[in-house]
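The chains carry the letters A, B, C and D, assigned in the order they are written, with residues numbered from 1 in each.
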Amino acid sequence: MGTPATYFRHLREAVVSIFDGMAVSASHLIRRPYTIQYPDRMPVRVQDTLPFRYRGILDVDLEICTGCLACDRACPIDCIAIAIEKNAATREIVISQFDIDLAKCMYCGLCSEPCPTGAIHHTTEFEGADFSLESLIRRFIADPVVAYKAKKAAEPDVAVADLLTRGMTYVDEWAQPGSDKPSAPPAVPAATKAAVAPVVPVPVPGK
Amino acid sequence: MSTLRTEEMTLNMGPQHPSTHGVLRFVIRTDGEVMREAIPDVGYLHRSIEKIAEKVGYHGFMPYTDRVDYVCAMFTNQAWGMACEKLAGVEVPRRGEYCRVIAAEFNRIASHLLTVGLMGMDIGAMTPFVHALREREMINDLIEELCGARLTFNYMRIGGVAWDLPPGWRDKALAYLEHLEPIVNEFNALFSYNKICIERLAKVAAIGPAEAIDYNLVGPNLRASGVNWDVRRDLPYSVYRDFDFEIPLGSGEWGAIGDAMDRYMMRIRELTQSARILRQALMQIPDGPVLAKVVRNFKPAAGECQVRVESARGDQGWYVVSDGTSYPWRVHVRTGSFAAMGMIQKLSRGLMIADLVVLIASLDVIAPEIDR
Amino acid sequence: MQAWLNRLMVRGAFGAHPIPVLVYAGGIAIACALVLFAIALPFASIVTWVERRVWARIQSRVGPNRVGPNGFLQWLADGLKHVCKEDIIPAEADPRLFKLAPYLVVLAFILPWAVMPFSSSLILADLNVGILYMTAVTALTVVGVLMAGWASNNKWSLIGGVRSAAQVVSYEIPAGLSIFPVVLMTGTLSMQGITRAQGWSPDRWFLFASPFCFAAAIILFVSSLAENNRTPFDLPEAESELVAGFATEYSSMRYLFFFMAEWGNMFVSAAIIVTLYLGGWRFPRVSPSPIAMNLLEFATFNIKVLIIVFVSMWIRGTLPRVRIDQMMSLCWKYFVPIAFVNLIGTAVWVAIWPDGNPFAAWSMLAIGVAGAAFFVRRVVHFARRSRMELYFHPTI
Amino acid sequence: MEAAEIYALVRARFPDQVVEIVEKRADPYAVVDPHAIAAICGFLRDDAALAMDCLNNQSGVDYKDRIEVVYHLFSYSHRHSAVLKVRLPRDNPSLASVEPVWNSANWMEREIFDLLGVTFHGHSDMRRILMPEDWPGWPLRKDFVEPLEYHGISTVRESPIIRLDEKKK
């Protein structure tokens, strides 16, 4: 405790610092809470407010899957299982299995990185709770399908054009090794813009 | 008083205890409120990450490095990338390095915010904790926009980063930094300079400089003891040479040098220094590619290297041995928390039970980093 | 009340030949039950909801807002939840003491309501030693808490119980010493007597009567925080150190009892402060009707109490917890000496100005208002400095 | 001071105990005699010109034919570093502890003991640190086979995905 001077210094410091601390906490009584009232009291679904790059549950657009197995090879925990068969005559690839074990998936994004068409991609969906591990396996193929093959001709298939555009936008987000991308990446197409712009009533810092 | 017969009591603290950050366990021998000794028992979060590295290959190990220290995963990402690049001689593009530094410094702020907030919670003030987490959420939002994840980022790749900065992100990041500084002052007024806080933290478990070096304390814990050492400045890696920043040092102005208050304030001061680095990095970032050309089947030449990265928990040493195949032969991570945890048994002698909580929080030990 | 019962008896409301003692006893029992179930228990419960909302706003959160309008019925849901939970008694515990402890704690919280001066006539018993009785029975809590800590047969609980004992017993002294200045000035221990000695206007409250009284009021407030195990003195249940302290092994209704008592005790200690220093129920005589006046006085008293309770919630949302040795040194090195100085100072003050000093009162009041104004300036400063959006609505 | 100079100084002091100095690497290292490790480390710490006051990293590597213990030393006063290596046989490897030299070795040696089975004599508290006390084997050795269960708890989870394509992986 020491001298009377330190005694009173302690008292004064305590009073002054508690006074200031109380002022700070009182000032928070008149500020808007930061809470997002997930899931029900939100103007838009929270999934729609997440950024485009958000790594949620994996989805596969089989229509544009080329069956190249790049994702299967890239997955560090082997949670993707793909079975393909090459038809020697038609030179087509038939995919007979495309399973993803979401219980095992760690959402690292290494599978969607090498995908040439953006067929395998992360969605902004994240609500994966379920009652059994079995139900977390996503089986994308019931009957074997023929893999997509980029046509040499300039015209892409009309049926998959939209999917391809979306897929390629997704692929473009990734840094391409060695490519000299402009410092500000090109504006995202209108379809994805809504997902990028924050619509939540979140107090955006600095506003 | 010497005739008063007292009995020693053995207490079990953890692994499920509110303030043992994660799953630490201590066996405490106490005499009333005063501890004789706290014996740490670690390993409850051991996930054999070093063994996993030997099985998944160089590229595939990147997401696992997130789990080494999930509070500041950017640094483990960066260290792993640097180790692989050093082994194979890959040059990272400058913009890639800047992206790395920006992401890592944001992560440092997030991690330090968590630490100072947890300090608040551990000494009984919930409000600073929630305020710090609120700020951390804002950073997480930014990082989420950058790399799509909030905790296990997996942002970096061998040879650069996986994503360039999204459009408009730079302005948001700069705006956030503007927002951060008044919040730090407010946080100080609310908590750091509170008399009770100072009384609780000052003079608790002071560590002298020689002792800190001997026990291999790193990062803010080491600097709190007055050792002027920061890997970012003294063994500059990445592009830290380009920035002008200060290394805060513990001065013992609240009591003894290297006490809990010094260690705590070190984090508060590094918040503003990180913001300073970030501001420079965001202003100076050059154009160009962010990822070097690295083959998918990454096979560095046989050899070994050690890289040191200044993570939020201090100098993180990655020792990687390659045998020339596509799987690393051996990966060893020497983390700051591991060394700090090894010191707790010695520091705990003569402290009170309430001080043990302060000691753990001030050393900023994180269970996954100890156990790996 | 006795007179009222007498009148009813004369009218034959209780049969032809009532036994007065039984009638009185019955009347008191009914009145006690009314106070308990109409005021004490709902207050203790609702205040948990208020506290959570206030706390949440301080922390930029929303707080419970789903059950009922703005979450108002949260307390009911929580209570039901606790009642429905399994009542676990650890195998190694001492079952009798373990079961008894929550009742003792609740008892300590219920007994003070007997002398609670809600208004000029709403008081169960205006004991002539009212304030002494109040301090005596609130201290019973420590017996329950210590018993809970011991009977749980858990080391953490034991430490919590012992901490509580050390704390409550120590802080009884500055709290008691801070009551005496008022007793010196009024010469009575009766709650109503003390209230009547003050006026409705702040300059005639004992808080501003002299600097010593002001200091004594603050010491009394802080000591009451310590006696109720509130932050920054929540060492007995120190969540981050002792898990839940003395309540670690409790579950279900018994756990609820502890926390009901804790929140109820906030009301009790706030009532002591309001009665002693903040003019109690005093309200200007605006209506000749005694019923209207009593209602107004009741409202005045409760609002004052709620403001004090709010301050203690606000402190809980601001301050960290002190360490046990600091808690002790704060009591013995700071509060007890200052309380003695207050006591002596007040004695001298009363000797010089037996009827009070209006100049001192007005200047103390001015200092108080200036302090509050400065405080508001600081609040505005912090609110402006940060770039967060302001939001004045009390709910969300 | 460069690493090469440090090794030269060590070799001058312990001519017979320094087995090999490898310099043409990213991180040059010196291989020393296991019996002399405590003495060499003591010299490195106490010599004023070297003053290696910090054992930055200590780790073990299993090379199938031998086990190496690697010491990354660092000097905060001179800002230089060095790497020492010790080669040990795989059967019952044991080594003098450097805990008396640097306290930080305490936990790192426990970790090496736990994961690679190297016993350090002279260590104050040679117990397992990360793994349970009764864990069989040394997990980071290359020939370690993980037991299928531990105290009745299964350590593996069968993958629920049945691969149609058995050829791969």
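Worth pointing out:
The rule is short, and it goes like this: contacts are C-beta pairs under 8 Å (C-beta built on N, C-alpha and C of every residue); 3 or more make two chains touch, one makes a residue touch a chain.
Just so it is clear, the model here is predicted, and its values are computed rather than measured.
Centrality by C-alpha centroid: the chain sitting nearest the overall protein C-alpha mean is B.
One inter-chain figure worth recording: chain B and chain D are separated by 24 Å, centre to centre, where each centre is the mean of the chain's CA atoms.
Rounded to whole angstrom, the centroid-to-centroid distance between chain A and chain C, based on C-alpha atoms, equals 51 Å. With centres taken as mean Cα positions, chain C sits 44 Å from chain B.
Chain A has residues 18, 20-21, 23-25, 28, 34, 205-207 in contact with two or more other chains. Shown for chain B are the residues in touch with two or more other chains, namely 127, 131, 134, 178-179, 186, 189-191, 194, 196. Checking each pair of chains for touch leaves A-B, A-C, A-D, B-C, B-D.
Those residues of chain A whose C-beta lies close enough to touch chain D in the complex are 69, 72, 78-79, 81-84, 96-97, 99, 101, 103-104, 133-134, 137. On the chain D side of its complex with chain B, the touching residues are 25-27, 53-59, 61-63, 70, 72, 76, 79, 83, 102-104, 106-108, 111, 115, 128-132, 139-140. Residues of chain C touching chain B in their complex: 55, 58-61, 155-156, 159, 163, 231-232, 234-235, 238-243, 317-326, 382, 385-387.
Chain C makes touch with chain A in their complex at residues 54, 56-62, 314-315, 317-319, 329, 333-334, 375, 378-383, 386-392, 396. Listed in rising order, the residues of chain B touching chain A in the complex are 56-57, 59-64, 66, 95-96, 127, 131, 134, 137-138, 141, 144-149, 152, 154, 157, 159-167, 172, 175-176, 178-180, 186, 189-191, 193-196, 198, 285-294, 296.
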